[in-house]
Amino acid sequence: MSGLLVKNFSVSHGAIAAVKDLSFTVGKGELAAIIGSNGAGKTTLLRALSGLIPHQSGEASWNGNSLLGKKPEDLVRSGVVHVSEGKSVIPELNVKENLALGGIWRKDKKDVALATEEVCELFPRLRERLLQSADTLSGGERQMLAIGRALIARPELLLLDEPSLGLAPLIIEQIFDAINQLRHKLGLTVVLVEQNAMSALKIADIGVIINVGSLVTSGPSQELLADANLRAAYLGY
Amino acid sequence: MRKSKSLSALIFFAIGLFLLGLSNFVDELRAYQGAQVGIYVIAISSIILLTGFSGQISLGHGALMAIGGYSAVLSYNHWHFPMLLAFTFGAAVAALAGFILGMAAARLSGPYLAGTTLALAVGLPSLANQFHILGGEQGLSFDIGEAPKWIADKTGGDFTQYKWFFWISVTCTLFTMWFIKNLLQSRFGRTWRAVRGNPSAAALSGINIGRSKVLAFTVSSALAGLAGALLAMILGLVAPMAFTLTLSFTLVTGAVLAGVSNLGGSIIGALVLVVIPEITDAVATHLGGSEKISANLPGLITSVLLILTVIFAPNGPQLHKRNKSGKAKTQ
Amino acid sequence: MLVHRSTKRGVFAVAVAAVAALAVSALPAQAFSPHSEVGVTSTTIKLGITVPLTGAAAPGYNKVPYAMKAYFDYVNDNGGVNGRKIQLVIKDDAYSPILAKSVTNDLILKDKVFALVGTLGTANNEATSKFVNDKGVPRLFVNTGFSGFANTKKYPTTYALFPSYYMEAKAIGGYLDDKFAGKKVALIYQDDDFGIDALAGFNQVGTKFVAKIPYASGSQTDPTVVGKWITSIVTSGADTVVLFGVSTATAAALGGAYKAGLAGKVQWILGSVGADPTTIKTLAPTALPLLNGAIAASFLPSANDSADEYVAQFQKINTQYNKGASFDNNVLVGMNAGMLAVQALRAAGTSPTRAKLMAAIDASGSKFASAGFAPLGWSKSSHIGYNGYWFGRIAADATIAPVDGAGKYVLYTTDSSTGAVVKSAIARPAMPAKGLPTN
Amino acid sequence: MLILDTFLIGLSSGAIYALMALALVLVWRSTRVVNFAQAGQAILSTYIGYEVMNRTHNYWVSVPFAIVAGAAIAAFVDAVLMRALEKRSHKGSVSEIAPVIATLGLLGLIRSLTGMIWGNAYLQYTSPASGKGYEISHHTIPFSPQNLIIVIGALVVMGVFAAVFKFTNLGLALRASSFQPEISRLAGIRVDRIRTIGWAFAGAAGAVAGALVTPTTYLSPNSLDLLLVSGFVAAVIGGLDSLIGAVLGGLILGVGFAFILQYIGTSVTFSAAFFILIIVLFLRPRGILGSKIGRRDA
């Protein structure tokens, strides 16, 4: 099948099961929001999907190819790109170098240049700061840089871990706008892990709500937003 | 508690009597090697105390042994301290040096501490060339003389100096082990274990981590100093060449082979260090190997053992066992 | 409670391990053979030697024991000593007193040698003295010139062969007065009893130095240290430098001097310890231009003087029994000590004991044949061997010949106290036929 | 004049220390391990250079061999020993010091192995460059073509490293992996491989140091031991993280040693290394150019 399939997926942290028997699917070109409180296992899920940590049992595949047992650097080459939690940039390098990292493994240097240009169009602020050290960027700019770097790899499936973390509401809105734009423009499939349920579900096609590692419910995001019980229990408003 | 303390004291006493009695049945070379083993046991214990219980590393314990050795010899030769006092003085001066070093060490993490103590191991012994009283490269001679007549007469037979070395070494070793054992059961020992297990939790519960580390370094240095004084005794001299970088490395090797968290293992470590050259020497002689092979075989074997241990049993054989029971639960 | 249990187990573990440790140690090292003298059987006599085979001092000296062994093999092939073959156990001490102590333990307690012969190094021999004395092991012809070893009270079993460094310094001082009066002389010396002995000798004859440069044994391999020697020489304005160190120090100093452009500007006078030209040549090929013309003190004939009957015979033995070794002063020293040892063993009679061996040297040692030019002084009251030096000039091809011309040996003899330095002609016993002692 | 001479003596030893420090820093950056076997690896590569010279009778031919050997040895050490260590001993009371002990073991292993193969005797590995100091207006300075080669060699290595790090993708990957291994992996960099390449660079730098310094002394299984200490002190002075700092640290230490030796005495030199280290660690715990990552316990 095409798209992302996660089935009976479990990940453990030592003796503690962080993700338990989780199943959901994300169709190609869809944006899925994974919602849950702090410690719900969202980050662990993404880290296991991108190969950073081993999983315990279950399946996970992208377009019919298993994601499991592979290293993150290999998954990047097959179009699965993970932007990890907390402004995933390298502060010791400048903006240009951070962007260059995204395409460092790619043979098609022309397309890398093109992709870099596109990222600069999308986030003009990065273009202004190309030679500045990433250390000097604001939180929002760093998030843009992290997403920009991921885009240069020309991903098909983008795994975003809490892009809104620690950002001002105005900036969050900008970032989410950009994500929404991107997936329509590039036909990206996006898995967006968020605590900020409202903003995420607003742009998402489907929502997956998890609590202490287990699935609570999943479904079209509009439906989830409309469910008063869920809103009270998990969506926090 | 009180009961177990007196029991363990009794056990130590019994072992002591046994070992001293044993010395009547071995030849001089074995007595000398036995004395060597004792010294290694003390020195390795000092590393275990530091690394296994307090989590600090030292590649410079050879230098602390040198401090103990030189202090003991100077006090004995120049100020005519009695032997026991000279050894105590050696340990005390080394403890003082260890205290100062420990203050620096408590602020440094693994590799920095390793490198700093390494520089000490290389630098300190060569200072002997700077000060005339230290006798330069050829060192100072140290002759504690023969066993007192009342001891020699009681045991009968030929009471050689090497046998006397063995007696002193065994007594000091057992005393040291007994001291460490009690220390580890005391408040200090519990503190170290707490800090080792979980530094942040220990800090939260009000333990002064810095002070605990400095104390560990001080006690460890005192033991190293005693070992240095004993080494000077059996060598009959102190000289910079006695406290080479190789000695420091050897002690760390012994401690790792022993399993750094296991005090009893220091005896195994010490035995390995004394026995390996014996075995390789015999093997090399037997095979008629060249000078090149026989001179380097012990080093090769201990290095390989060290690497294998740190990869496959980094916490020593003892801790492994304890882990097993833990594992059984999860399986 | 948990603590309680684990400590109990700890005590037990300690107990078991301690017993095991000593049980292993308790295995006898070697069976005793109490009926004959240690190290002597009906067919063999076992001797031991400690020398630096590795480390900073090894180059050159590492040839000594193998040369000695070659000579013993030659004697063994020609009937041995009273029917007994000589075995030589060679131990490396890396020129470290500590290692010397431990390998000497092994030689005496494990290998159970009859006597030590040619053990090398001042500090090394000092470190082992106490034990060697306690065990009454004869220590023949130590390879050091430390004057202290002549003290028969302190070192009753030790026999010196080389003239002491004290004597050597006096002889060099006398030679300087004789041939280099008015020159500005600097001194480089090893900062231990070896050098201090020499300083005392120079003081005794009143030699004045414009610079005295001590170095710690071992530090000579550090180019920065050598750089400092050279700057000290240059700043002192010396035109003559006396070098009292081991071969590696000589090589380092000459190499450093070459680097500093001192070739032809300074006259080098090398003490006997570090004066073997072939060793220096291999150690510091670049030093060759400086070696050419250097003056060296020696008490044995020049190793390249094939006209000398001893040298010629030793060269023959070297070719036959010491495969691959180039014949140099170290080989000469080793074989010469070997020849003296054979004479001592012969003199000790058909059932030798340690006491008989020493008594024999006291009684007849002064008449033993050896390659040395100066007479041997062994007697009941003195364990001093040779007492004089001749001076040779090193040529471009690293050979050495007397300063006055080939074969013209002039000896500067002196004593261990305040006696004057005396010039004399050489005198020594003729070599026994084929170099096989018949005493 | 004496001051200038002393400075020159220090300059060439400083260049060697700098190379060694550079090697230690490269490994530290890529693996967070102080490689106490660095001097041992350099000895092994120098022996290989020595063998090549014995066969070709050409020092210049032997140096590249030594460098390649040094890089290969280092890569092997990382790929085999350090990987195994990482897999197996990440827990327990020794996890922090396990790499220190493993590299010490490796140092001992290499020393014994070289001793077995080549013996413990001193060998000559000679360079054709003259050891005779240059003459400037009738004063021979203690700086010879041999020293010049050392300084130039060190400069070339530093230049090559700087160019690689600054201007190539490999350099970018090396820097990224050493700063943030996880983010680098997510960007598609094969961090394990890059790390091994980092070790290889370090091995090459150590090999250059060995091949350049040995002609001025002798070659024996532990003739570079002291370089380990000097290299470490230099690296810490520079701030264990900084390549430029390593170079500066090496030069400061080399010149410092020369002055201490000239004006104080031979035997205090290495004690001085210890005191310099202590002072630096207390006054500037991050070294003169270290990054923000501290060296103290949390």
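A, B, C and D are the chain letters, set down in written order, and residue numbers restart from 1 in every chain.
Quick note on the criterion: contacts are C-beta pairs under 8 Å (C-beta built on N, C-alpha and C of every residue); 3 or more make two chains touch, one makes a residue touch a chain.
Nothing here was measured: the structure is a model prediction, and the numbers come from that model.
Novice: Starting at subunit A, how many touching-chain steps does it take at least to reach subunit B?
Specialist: Minimum step count, subunit A to subunit B: 2.
Novice: Between what two chains do the most C-beta pairs come into contact?
Specialist: After counting contacts between each pair of chains, the winner is B-D.
Novice: Of all the other chains, whose mean CA position lies farthest from subunit D?
Specialist: Here the answer is chain A, farthest from subunit D.
Novice: Quick check for you: compute each chain's CA centroid and the global CA centroid, then name the chain with the smallest gap between them.
Specialist: D
Novice: Using Cα averages as centroids, what's the distance between subunit A and subunit C in whole Å?
Specialist: The computed centroid separation for subunit A versus subunit C comes out at 78 Å.
Novice: Distance between subunit C and subunit D based on Cα centroids, please, to the nearest Å.
Specialist: 38
Novice: Quick check: how many Å separate the C-alpha centres of subunit B and subunit D?
Specialist: Centres of subunit B and subunit D (C-alpha means) sit 31 Å apart.
Novice: Between subunit B and subunit C, tell me the centre distance in angstrom, where each centre is the average of that chain's C-alpha atoms.
Specialist: Each chain reduced to its C-alpha mean, subunit B and subunit C end up 36 Å apart.
Novice: Give the residues of subunit A that touch two or more other chains, as numbers and ranges in rising order.
Specialist: Within subunit A, no residue touches at least two other chains.
Novice: Which positions in subunit D touch two or more other chains at once?
Specialist: 119-120, 226, 266-267, 269
Novice: For subunit C, what residues touch not just one other chain but two or more?
Specialist: In subunit C, the residues touching two or more other chains are 53-54, 216, 219.
Novice: Which chains touch, pair by pair?
Specialist: Taking the chains two at a time, the touching pairs are A-D, B-C, B-D, C-D.
Novice: With touch defined as at the start, can you tell me which subunit D residues reach subunit C in the complex?
Specialist: Touching subunit C from subunit D are residues 2, 5-6, 9-10, 13, 119-122, 124, 126, 130-133, 135, 140, 142, 144, 216-218, 220, 223, 226, 257-258, 261-262, 266-267, 269.
Novice: For the complex, give me every residue of subunit C touching subunit D.
Specialist: Its residues touching subunit D are 53-56, 58-59, 62, 215-216, 219, 221-225, 227-228, 230-231, 235, 248, 255, 258-262, 282-283, 285-286.
Novice: Can you list the residues on subunit A that touch subunit D in the complex?
Specialist: Within the complex, subunit A touches subunit D at residues 50, 52, 71-73, 76-77, 81-84, 88-93, 97, 100-102, 104-105, 149, 153.
Novice: Quick one: which bits of subunit D touch subunit A in the complex? Just the residue numbers, please.
Specialist: Touch residues, subunit D against subunit A: 169, 172-173, 175-176, 179-180, 182-191, 291.
Novice: Help me check something: in the complex, which residues belonging to subunit D touch subunit B?
Specialist: 28, 33-34, 36, 81, 84-85, 88-89, 92-102, 104-109, 111-113, 115-120, 221, 225-226, 228-229, 232-233, 236, 240, 265-274, 277-278, 281-282, 285, 295-298
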